[in-house]
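You will see two complexes here that share chain A, one where it goes with chain B and one where it goes with chain C.
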Partner chain A sequence: MPAVPQFLQERNRQILTKGKDAFDIVGGQPSLAGAVSQRACVYCGSRVVLYPIADALHLVHGPIGCAAYTWDIRGSLSSGPDLFRNCFSTDLREKHVVFGGQQRLFDTLCLLIDKHRPQAAFVYSTCIVGVIGDDVPAVCKQVQLLKNIPVIPVMAEGFQGSKKDGYRIACDALFQLIGADDSKTIGEFSINILGDFNLAGELWMLSEYYRRIGIHVVASITGDGRVNDIRNAHRASLNIVQCAGSMMHLAQRMNEQFGIPFRKVSFFGIEDVADALYQVATFFHNQTLIDNATLLVREELSNLLPQLDVFKNALHGTKAAIYVGGAFKAISLVKALRLIGVSTVIAGTQTGNADDYKLLKKLCDDGCILVDDSNPIELSEFVKLTGANLFIGGVKERPIAYKLGIAFCDHNHERKVALAGFQGMINFAQEVYNTVSSPVWRFTRPHLAP
Partner chain B sequence: MLLRHTSDKEIERKALTINPAKTCQPIGAMYAALGIHGCLPHSHGSQGCCSYHRSALTRHFKEPVMASTSSFSEGSSVFGGSANLTAAIETIFSVYSPDIVAVHTTCLSETIGDDLTQIVSKAKEEGKIPDGKTVIFCNTPSYVGTHITGYSNQLSAFIKFFSTATPKKKNVVNLAAGWMEPSDMREIKRLAATMEARTILFPDMSDVLDCPLTGKFVMYPPGGTSLADMTATGDSKFTIGLGAYATEDACVKLENKCKVRFEVIEIPIGLKATDRFIVALSRHANLPIPDDITEERGRLVDLIADNSKYFYGKRVALFGDPDTLIPLTEFLLTLDMKPVYIVTGTPGKHFDESMKDLLNEKVPEAKFMSGERADMFRMHQWIKQEPVDLLIGNTYGKYIARDENIPFVRLGFPITDRPGHNFFPNVGYTGATNLTLKILHGLLEHKDRTCPEEKVEFQM
Partner chain C sequence: MENTCNLCAPLGACIAFKGIEGALPLLHGSQGCATYIRRYLISHFREPIDIASSNFSEASTIFGGNKNFNTGIDNIIKQYHPSVIAIASTCLAETIGEDVHRLIGEYRTSHKRPKDLPLLFFASTPSYKHSHYEGFLLAALAALQALADHRSAPRQRLNLFSNLIAPEDIRHLKEITDDLLLPSMIFPDYSDTLDGVFHENYPRIPQGGTPLEYLRSAPKAFCSIELGYILNSAAPSPGEFLRNLFSVPSLRTGIPIGIRQTDKFFDFLTQIAGKNLPQKYVDQRGRLIDLYIDGHKYLAGKRPLIYGEEDLVVALAAFATEVGMKPILCASGGESGQLEDVLRKQLGDLFPSDMRVAQGVTFDDMKNILNDNDLHPDLLIGNSKGYFLARLWNVPLVRVGFPIHDRIGAQHLLSLAYKGSSILFERIVNALLDDAQRNSSIAHKYM
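Let's look at the complex of A and B:
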């Protein structure tokens, strides 16, 4: 048998079976060159974070592809403006690569701002801009002075790293807006929600919970986001951070600069949602808020638990494979699945770090395979090995799961049903049940027996 | 209401593209490379490129799309991507064991000036490419041309690396497929088989991106033009290129390299383009046109005649790729419809000239545009100036269709919100029948839904 090449031995340190392997996974390593990686780039990371700011102009400075592939792909809903759902690109051509694209960027920005009068503009710098050396910040500054709106350069050249690095750049871009305005009326007990992107209207559901408790959401960063809310975000008393992978950096910066404390929460799964509400209510040391939160959780649970029991019985024995972007989501998923009788046998992420994997390892049952930055071959091998009959992932995992003849639930950008909050838990259980119990999985054997 | 930002007043735009009717080169190369059996497309650039292309193709085909990436880092952009590609080649053959790796570049690797010829031959010398395995490559800078250019460049790379002429020519006709659906390729093979013609179709995405569910995941599905067939294209006696933008360059290169004469015709969309394809194949394969095919044609003509009253004078807007739009425009004229607005983001004279020829006399009011700023924003503005009865294009058209309340037929890439393009071809007489039915269905559904109560009829 040939010796296993060095790089593959190293790869083995990114895969472990709980109860069998003693080491810990070190996440966040760069992908192997040549990998059929499910990961994306820096630009992608910053684009998905900033994209939901609905009344801003988002202009992609680069060849057409980077703009075309991110055109309206994230199902972030807006309650009003929809400028963000258009695709604006400087569409760089060969001559700009040779002679530079600064003038083109300037012209494009001015024209768009004149036409649409956005509240702010984000200018995304792509790989090639980093290489040809356009001074994007200078152009932004110039246009900002000329047009009198914030024009923010997002220096997200794809090659700088993975999606996660793009989140950080997006946070820094957002930070430029925060603190710029004091005009918004703020309630007595106020928070910002960081890292909910209002997929399938989830943010609206969460805001409603807080409203019922008596808490004012100043800014949602960035689901159904508005520039002026974000400019006022420094005046909230507390930041709650839902997608920690993408938004921790911003929470930390706001803490340093404005002294706003933050809490990491998850709105997914009963315990986590309840916890997210209690944490905020207790933060303000106000009995009314605590009573309101208790009442809300009690009401929602009394409605929810009997419904969940039905699913739990039906789904008992189901084995799930999870492969998602962020580790925080994976952790919530393991807990939520347990609640409906589903055990997790594979848990993987694209961007988890060492601490995330320690937490995941603690949470999972023995025999569960943990994997960082996986690929289709591995994933399908693991499914075979563990007998998983449900896959939870995103767009690239869906057809693989279906080809394997197992159920699939989308927990990424393309989900169409709200999965956050208490109602989201029911929706999730229903989704899982629908796909697991579909009759189609009975017809997947390729040959008819005579 | 989504597109409320679009007004009917056209503004002078020098730089800006809004809502493009195109995307960038590398995705075309990736799609074409999937049509060779056992071939893994490799994106030489940042991770995002590969991820975006795979996601975009997956959303359209609802199938696993396999491709690897050089995973560029900050260092690669400064020192060049040579080390990444060399490491990638090693990883790919150890982990994914394809027969062929088809490398395409990106804007980044092009701009930093990676020399693929040199990198790959060095990898070969160093024994990083196992015996019997091949690494091919093509240049696909994102800032030149569009996804169609990338597709065309990949096809030319197949010719450059594989096609070989032996002293003996065979009685085989090559069919170079332009950008079309796997279902279209299946239909073209069916027509050739019905005629009993010996053909080599390349690339061939059927049985790659329209696979049955078997309970197994395979990296390299059973379909795709085999390496042996691809090599043998050099021995064929003739090549028919289907779609000038995507296949002409490959046809020319094959003629130069292996002396295989060629003819480039349109993708056989619609009655007349299919007639030309059938006649060309019959002539070059030297075989009669079988009755079965003639009867298919007859049934299509019957369908058109039965419903001609619904087509007459209907104004149509269409957008997408030039190789599709040219025969589609011709077919709309066959149906007695009026193609009035046509845009493609892919630049080129052939489109403008073909449109002029097709439309100058029959629809003098028609507006058509190609290349930079020929985008959907502009088409929408035209529609606002004077409305149309039907819109044809990829899924991005649905916003315009909804805002303007016009029936919409999905055709092109990407289609992300309806299934079916994997099953029902648009080419051949069968494809033309499918298209006719889709158009009719769109028009009649719209009429039923929107006409006044007293005009709703049982018999239409």
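Let's look at the complex of A and C:
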């Protein structure tokens, strides 16, 4: 094994090897300047969470970059309106920086609302807006009165913290909508799904599972999201929270305000999907729901398991590096990979907290490297150190994997393949298989060629 | 502002910085700027693109970012050992009035052995003032301002300022200057750094880039050529800078696409080299004309919508009109105010009388300009962000420029000079043929 490379000393407590290091990773620290963190900013956190609300106007108040880089950024699908897939910006210029951008914001908002007739508007405040002193909430209030739709300020100046802080701000913005309407007809057994963003239609698969069990999804927050559903969300009996990192705050606030209990779930990997369905069915103490869930899981599994066995045999011995945004996803991935014969040798996240890392540590095998808020240099060194031959991450991790000559599976929000639910597990196995078994690696690792 | 076709200035700066040997870019501002720009560039070039951030916090925004700046530089040096740390500012740093030149000075003087430090230089690129194209040019200018050394010995070398083009285009320019035996500095040269080969061990800072020595001795080159008629109207271009300060003669021509623009480019080169056009290029030119003839009827009267950076639009329009297309609209997010004049001059009698020219526009504006006039393009020529319009009108999009996020191989799209023009011509004709075939009820096997 090669010598352990030296990394930035200040990050020592954010990297550990299971079975070797006794300490725990705390997580949630600000990124180190110059470390080339893979994290984005507060604005990014808010923007990705709210982005899929399809019938809302999403106006970015700031210079053009912040809007341009988040234009159509997620693979989130809508079953109807597609207003969310546009890029709206106030395009602040030097004169606005000097004289203020409030008037510009007011004019742009009114113009866009008149033109597109959205159900609500979210106004994202970017770095410089806080500094030049625009009173964004005041403008939002003014326009809300004038146009008679909710106009919600999202005070997400990028420098305020990290992406995770942006999630919280997005939750607070969403909370302003919840409870504003009672018109929707609600089924007897009703839930909201929090933290699924309908990438590649995943939400539709999940909603269909719940429909088969007999459960009504009142609001999906925010995948294929609609303003009016969210306004009715307080009337559901239960919140299920996937992507807990982004949506726990909203679940907690809804619990405090409306007494709606919540369950943390994950829809990635068989165990977790089944658990997510059972948890909801048992919540309602209704035998029919439980029977329906049992039947559904049995049906899906009998179809799924034989297919997975094929992949498991082919993938046996594969070693995976995981580096993703949220810890819940990482935890699910470790389990899902194990199911298809793949062991995890690196597990890292951008936004995990102390509890997440404890859970990850418990779950992983000895020798697995755990890392918080990593960077390209560390990740590439870890891959070399562990001999990982599969990387699971997002756009920024992909070229690291490819330059190291190892397989890659995209598990980020740009992807176009559904990886949630039972069918998602097959898709995931297929994705992993397609990349791991490709003959192209014969050329990157000639010693492996037959 | 709906559906912009501009990006922000620090993004352009980072592309230019990647064209400097041994450089690591640092953005002074929030973490998000670096991460978004990395993501955006990676999706086009499909290479690892490490860009550091000084990662402003609330405290740095109130009290200044010097502490984060210093930590950032320290950590970059520890991790990357770069020869150059190329710094660009974000909106935030500019708005709170960070004096980055002063920060650099203080960092250097506080260091025990300033001589051992990498070169640090700075380009001011607030995106409320500039677009990505101007950011690119400002970064190139800043690199020269920092490095150009009049004490260098005279060099028998040409400075070729090559604009925002594909890595494959840069390689082709190198081939051309090599074939003409014309020693040249191509800048910024990201042909290797943003289009690397597969190595068993991938280096922390990719190999390649314009050598620092070339940049230092740029004031002693015998001549500069700049590609692009408009460039940055608000600041000196790299060629103008070297001319104004060091009296290096500077010639300007367009991005060489099509016969007319490529002829101009080769005229400059052959005059400077004192040579005739090598046979290889005579042949490439001949083949291009031959190709024009083969394909001209497929393109006759076709009405493309052409968009992108202003200089790219000029080059594409000059090309499109000389093969018989009549652009319906030439559009750019750029705001120089010169686009129409330059187009009139370069297209000459081939400037279609009903061609619209729009500057400082968004994709939505382009849509409105055409829809409001009941116009319908036959195809789009530009980057992949216009795809939604191509789909709206159900016409092909021929992808050229930056970014191309919905295809692989953007770094290999050669469009420059006779050879690149041939490839582009074929791509355009074939896109139209493919479209005609798809939309036909008959399975034509002969088109």
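As a convention for this text, the second predicted complex is superposed on the first by the 434 of 450 C-alpha atoms of A that agree within 3 Å, B and C clash if a C-alpha of one lies under 4 Å from a C-alpha of the other, contacts with A are read in each partner's own complex, and residues count from 1 in each chain.
Here is the rule we go by: contacts are C-beta pairs under 8 Å (C-beta built on N, C-alpha and C of every residue); 3 or more make two chains touch, one makes a residue touch a chain.
Computed from a predicted structure; not experimentally measured.
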item: Three-chain arrangement built on chain A, chain B and chain C clash or fit; value: clash
item: First (chain B), second (chain C), both or neither touched by A:Ala251; value: neither
item: Partner chain(s) touched by A:Leu296 [first = chain B, second = chain C, both, neither]; value: neither
item: First, second, both or neither for A:Leu83, with chain B first and chain C second; value: first
item: Which superposed partner A:Cys41 touches (first chain B, second chain C, both, neither); value: both
item: Touched partner set for A:Glu94, first chain B, second chain C, both or neither; value: both
item: First, second, both or neither for A:Ile240, with chain B first and chain C second; value: neither
item: Footprint overlap on chain A, where chain B in one structure and chain C in the other make contact; value: 7-8, 30-44, 62-71, 86-94, 96-97, 108, 112, 126-128, 130-132, 158-163, 375-377, 380, 395-396, 398-400, 402-405, 444
item: Touch list for chain A against partner chain B, complex; value: 5, 7-8, 30-44, 62-73, 82-83, 85-94, 96-97, 104-105, 107-108, 111-112, 115-116, 126-128, 130-132, 157-163, 375-377, 380, 395-396, 398-400, 402-405, 444-446
item: Residue ranges of chain C in contact with chain A within the complex; value: 1-4, 6-11, 26, 29-40, 42-43, 46-58, 60-61, 68-69, 71-76, 78-80, 90-92, 95-96, 126-129, 131, 196, 198-200, 202, 204, 364, 385
item: In the complex with chain C, residue positions of chain A that touch it; value: 7-8, 30-44, 62-71, 86-94, 96-97, 108, 112, 126-128, 130-132, 158-163, 375-377, 380, 395-396, 398-400, 402-405, 443-444
item: Chain A-touching residues of chain B, taken from the complex the two chains share; value: 1-5, 11, 13-20, 22-27, 40, 42, 45-56, 58-59, 62-74, 76-77, 83-85, 87-92, 94-96, 106-108, 111-112, 141-144, 146, 211-217, 219, 345, 372, 377, 396
